[in-house]
Amino acid sequence: AAQGLGKGPLVLAAASLQEAMNAAADRWSALGHARPVVSFAASSALARQIEAHAPADLFVSADEDWMDDVAHAGLLAPRTRARLVTNALVIVAPAGSALRLYPAPGFPLARALGGGKLAMGDPDAVPAGRYGKAALERLAVWSQVQGQVARAENVRAALALVAHGAAPLGIVYATDARAEPGVRVVGVFPAGSHAPITYPLARLASSTHPDAEGFRRFLLSGQGKAIFRRFGFVAH
Amino acid sequence: MSFDIDIVLARGGREFAVRVAGGPGITALVGPSGQGKTSTLDAVAGLLRPRSGRIAVDGAVLFDAAGGIDLPPQVRAAGYVFQDLRLFPHLSVRDNLLFGWRHAPAERRTLTLEEVTGFLDITPLLGRRPHTLSGGEAQRVAIGRALLSAPRFLLMDEPLTALDPARREGVIALIARIRDAFALPVLLVSHQQQDVARLADAVVEI
Amino acid sequence: MSFDIDIVLARGGREFAVRVAGGPGITALVGPSGQGKTSTLDAVAGLLRPRSGRIAVDGAVLFDAAGGIDLPPQVRAAGYVFQDLRLFPHLSVRDNLLFGWRHAPAERRTLTLEEVTGFLDITPLLGRRPHTLSGGEAQRVAIGRALLSAPRFLLMDEPLTALDPARREGVIALIARIRDAFALPVLLVSHQQQDVARLADAVVEI
Amino acid sequence: MLLSAQEWGVVALSAKVSGVAILGVLPIAFALAWALARGRFRGRLVLDAVVHLPLVLPPVVIGWMLLVAFAPAGPVGGWLWRTLGVTLLFRWTGAALAAAIMALPLMVRAIRLSLEAVDPRLEQAARTLGAGPWATFRQVTLPLCAPGMLAGAVLGFARSLGEFGATITFVSNIPGETQTLPLAIYAALQVPGGEATVWRLAVVAVVLSLLALVGSEWLARRQGGVGLQGGGGAHVL
Amino acid sequence: MLLSAQEWGVVALSAKVSGVAILGVLPIAFALAWALARGRFRGRLVLDAVVHLPLVLPPVVIGWMLLVAFAPAGPVGGWLWRTLGVTLLFRWTGAALAAAIMALPLMVRAIRLSLEAVDPRLEQAARTLGAGPWATFRQVTLPLCAPGMLAGAVLGFARSLGEFGATITFVSNIPGETQTLPLAIYAALQVPGGEATVWRLAVVAVVLSLLALVGSEWLARRQGGVGLQGGGGAHVL
């Protein structure tokens, strides 16, 4: 289906993967293949497009829920779903901050906020927000800061709120915090405080591009995962 | 009989019964302000549907409530000089003058642009837009537009009001000539008794 | 001298030199179409700035190019009956009539709404919107609006064209009365020689 | 159709934010329309382009610009905070500001269109009748522009009701404070199976805008079609 | 300001998508404006509300509705595919459709405003001069509406240039096919340190809309202000 677009397979990928996925696509094309065409958007939008039978080859979601949704609709090629990478959740503050937080049960997040807002993805909508809320609940501080949460449209927007001093603290992915000069990581959530943050990958049942499976395997290969590690993702 | 009108008009909640049986030539319609002269002309042109009655011009029935006849305005081919002129603001004077001419069948076109603009003394205005015209200039353009539309009859609603005496003479002569040369029936509304006296073959009080 | 005008006007690329030295009372401005009569009235009202010259009415200087005087229109207090009427479409006839009256200082208000509408025979129209008026009705409303604005002088650009003979008589009598009762200078544009003859104390050819 | 108490709160907030935005921005839109329609100054085209900015740029970018400007450290936000002790960040007032800015170009255009159709001869007539420039403006120009103002207000209100990108970026999505209808709808859309909520809230938004439409039609009728229709925009005869 | 070849492609695509959208939707907008301004049918208000929908609902919802309707299994998409073998999904034509729909309400309002200002007496005059209803429409009504059409086209073009939410939801974000300027800006916003790119692309969008503005002013002037100004919307005298 995707050949009509001219070149490589069409990959629908969560927006937070943009840099890493582009780098992977470049590498793949350097290996002599047609460069995959990658469309970055919110996982929800991409999943709906797949469910509308839009012709695409691969889907990389920012959370398991939307991948499940697509799977339930019977739109994944059998036995092609795999975990591509995982991510970590961190607390950031504006770059000038000297704060240091150790997320543990009952840690003094409310005091650190000092009445300001806690910027994070919308806990009802954005995956990063859901993970963040789960972690704060697990650490029994959610009820203290609940009223101070500024729900952003996506992680990047939450990051911008902190970078511009609109919020003293924010919860974002480690990958996003890495390259933003306006913020500093002041705390890392222990892996056990939330469900694993995974980016599942699968080939779509409608995929017809001959390179699709090859690129999927490349992404999951050691070479592919190394690229993602370069951008701060965790991949084994 | 050129104009054979027997209608009841309704406008603004009032009713007007109008009866005109004009002879050949120019029929003047006179009467006090607000008594339905313009409304009558609108009805003859096909712009206002009478409540009831019948309108015929030169034997051709334009409207007949009983017979279910109501010709659309573009078929009636009235050469209507409106009391409020209604020049097209988006067109030059030339295009205003030729608007009706272009819609007329070639065989009915009896006058040329040059003749009409010459007679009406508006040749220098051809490239202008209507909103730049003086009152008398605009009125002459409106007359010219009606004459050039190859009309089957003329409806003239106070066509001379803004004209200076010399031009008034010219236009009166022109109207008389057209009536005679082409046997065109004319229904003229005017408050000026001397104009009516000079032009009209018949006078109808409304 | 009521009107003391000596100006050069520029409109549409042409220049008009206009000189009016009217006596007291009504000064008629006559001349062929397109020669600058309306433009002159616009200049006296303050709507068109002359190239050069001087305009005074009843000794008060309204414009003087050399002296750097150019009073804004609302201060000049002209009672201007426009050739194109210019009734306010968003206001009822009553509010049109009272528009100037409401802006006039109380001590200068000499006429009442009842007097004016009675004289002009427009009392039944007070609740109407301008676009529902006939030609003659609209013209009388425009005259009434100018009279009610407590003017220092009147500018009347063909104010009688759409009136039937009886109403014409009434308006002529009204204008004459106002001139006499309030010593109001009037500058009248008209193409009707008999109106000019009956009303004008002085005639200026343009 | 039944809404939860919380959803009713969202609806009320949306109506408040949009209403305040439109009423607040109407005079500004009028002033801009006036300058663009009547002004003959240098930089008119630049002003015109600036007015169109909120349309041309993706809303998120506008929200981001607002954030930068109104953040406590930003140029405007810092000043507001120091002098008035006010911040728009995370406040419904900020949502109203975002909505107003997004609605502005639509309102300016509609008003300008009406303004350009006003016959200057009527304004001249008012002047000769003793009305100064300001009275002429209020009693002639403004009422003759009513159709454009009304159209602009309806268009702007509708646009405000639908405003999402700039709002969430600028004031984020805080239930009870900045969570307007589109933000609630967006949240519902992000969750698998949230479609039913989306539909319910969408219908509410449509009903709200329908109310605004009905109100505007009623107002237009009450003015008796000041419009140019019939009145000819000019004068009778 | 230098753009990369790929960025030039984005700009060209944006111009194409917006241009096609506006030209394509103009007649439809005119027909709707006509029906709303002149029609006296039942359901006028409902039609009015439907026209406003793309403003009132968040763009993402509109995009989702388009997706559902134009999916191969959807009501419209299925029909298109079976009869014409065409799909809009993931195609620039789909982006143009989304842009057109988002621009529609703005265009309808502007045109309607102009249409309501057309003096029906001029149309009557045309009829007596031998022009049938269609000729009257083409030679009188349409040119007198030119200011509204132009304003609507400019407004719509600007709106199309900025369209993001409906587009990305409907046709995704495919470089070279559906990645218009706002989508490219979104992409840049997702990358740490992408602000410089955001600014660059934003400036390009503004320049594009400025070109449209200049073009429209030029057109308006060429028509010699057909506008109602001066012409009074009516008739001389």
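Should a chain be cited, it is by its letter among A, B, C, D and E, assigned in written order, with residues numbered from 1 in that chain.
In this text, contacts are C-beta pairs under 8 Å (C-beta built on N, C-alpha and C of every residue); 3 or more make two chains touch, one makes a residue touch a chain.
Everything numeric in this text was worked out from a predicted model, so none of it was measured.
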Chain whose Cα centroid lies at the greatest distance from that of subunit D: B
Angular offset of subunit D relative to subunit E [C-alpha, multiple of 5 degrees]: 180
Longest centre-to-centre distance from subunit C, chain (CA-based): A
Separation of subunit D from subunit E, taking each centre as the mean of its C-alpha atoms, in whole Å: 19
Centroid spacing, where centroids are CA-atom means, of subunit C and subunit D in whole angstrom: 44
Inter-chain centre distance, subunit C versus subunit E - centres from mean C-alpha coordinates, in Å: 49
Per-residue overlap in subunit D, given as positions that touch at least 2 other chains: 60, 64, 121, 165, 186, 189, 228, 230, 232-237
Two or more partner chains touched - positions in subunit A: none
Multi-chain contact sites of subunit C, meaning residues that touch two or more partners: 83-84, 135, 162
Subunit E residues within the subunit A interface of the complex: 60, 63-64, 67-68, 70-74, 89-90, 168-169, 172-179, 186-187, 189-193
Residues of subunit C defined as touching subunit D within the complex: 45-47, 72-74, 76-80, 82, 84-90, 99-100, 103-104, 129-131, 133, 135, 138-139, 145, 149-150, 162
Residues of subunit E touching subunit B in the complex: 121-122, 124-132, 135, 139-140, 143-144, 146, 223-224, 226, 228, 230-237
In the complex with subunit E, residue positions of subunit A that touch it: 5-6, 10, 12, 15-16, 18-19, 37-41, 45-46, 48-49, 52-56, 154, 156, 176, 178-181
Contacting residues of subunit C [partner subunit B, same complex]: 12, 30-34, 38, 83-84, 128, 132, 134-137, 140, 157-158, 161-168, 191-193
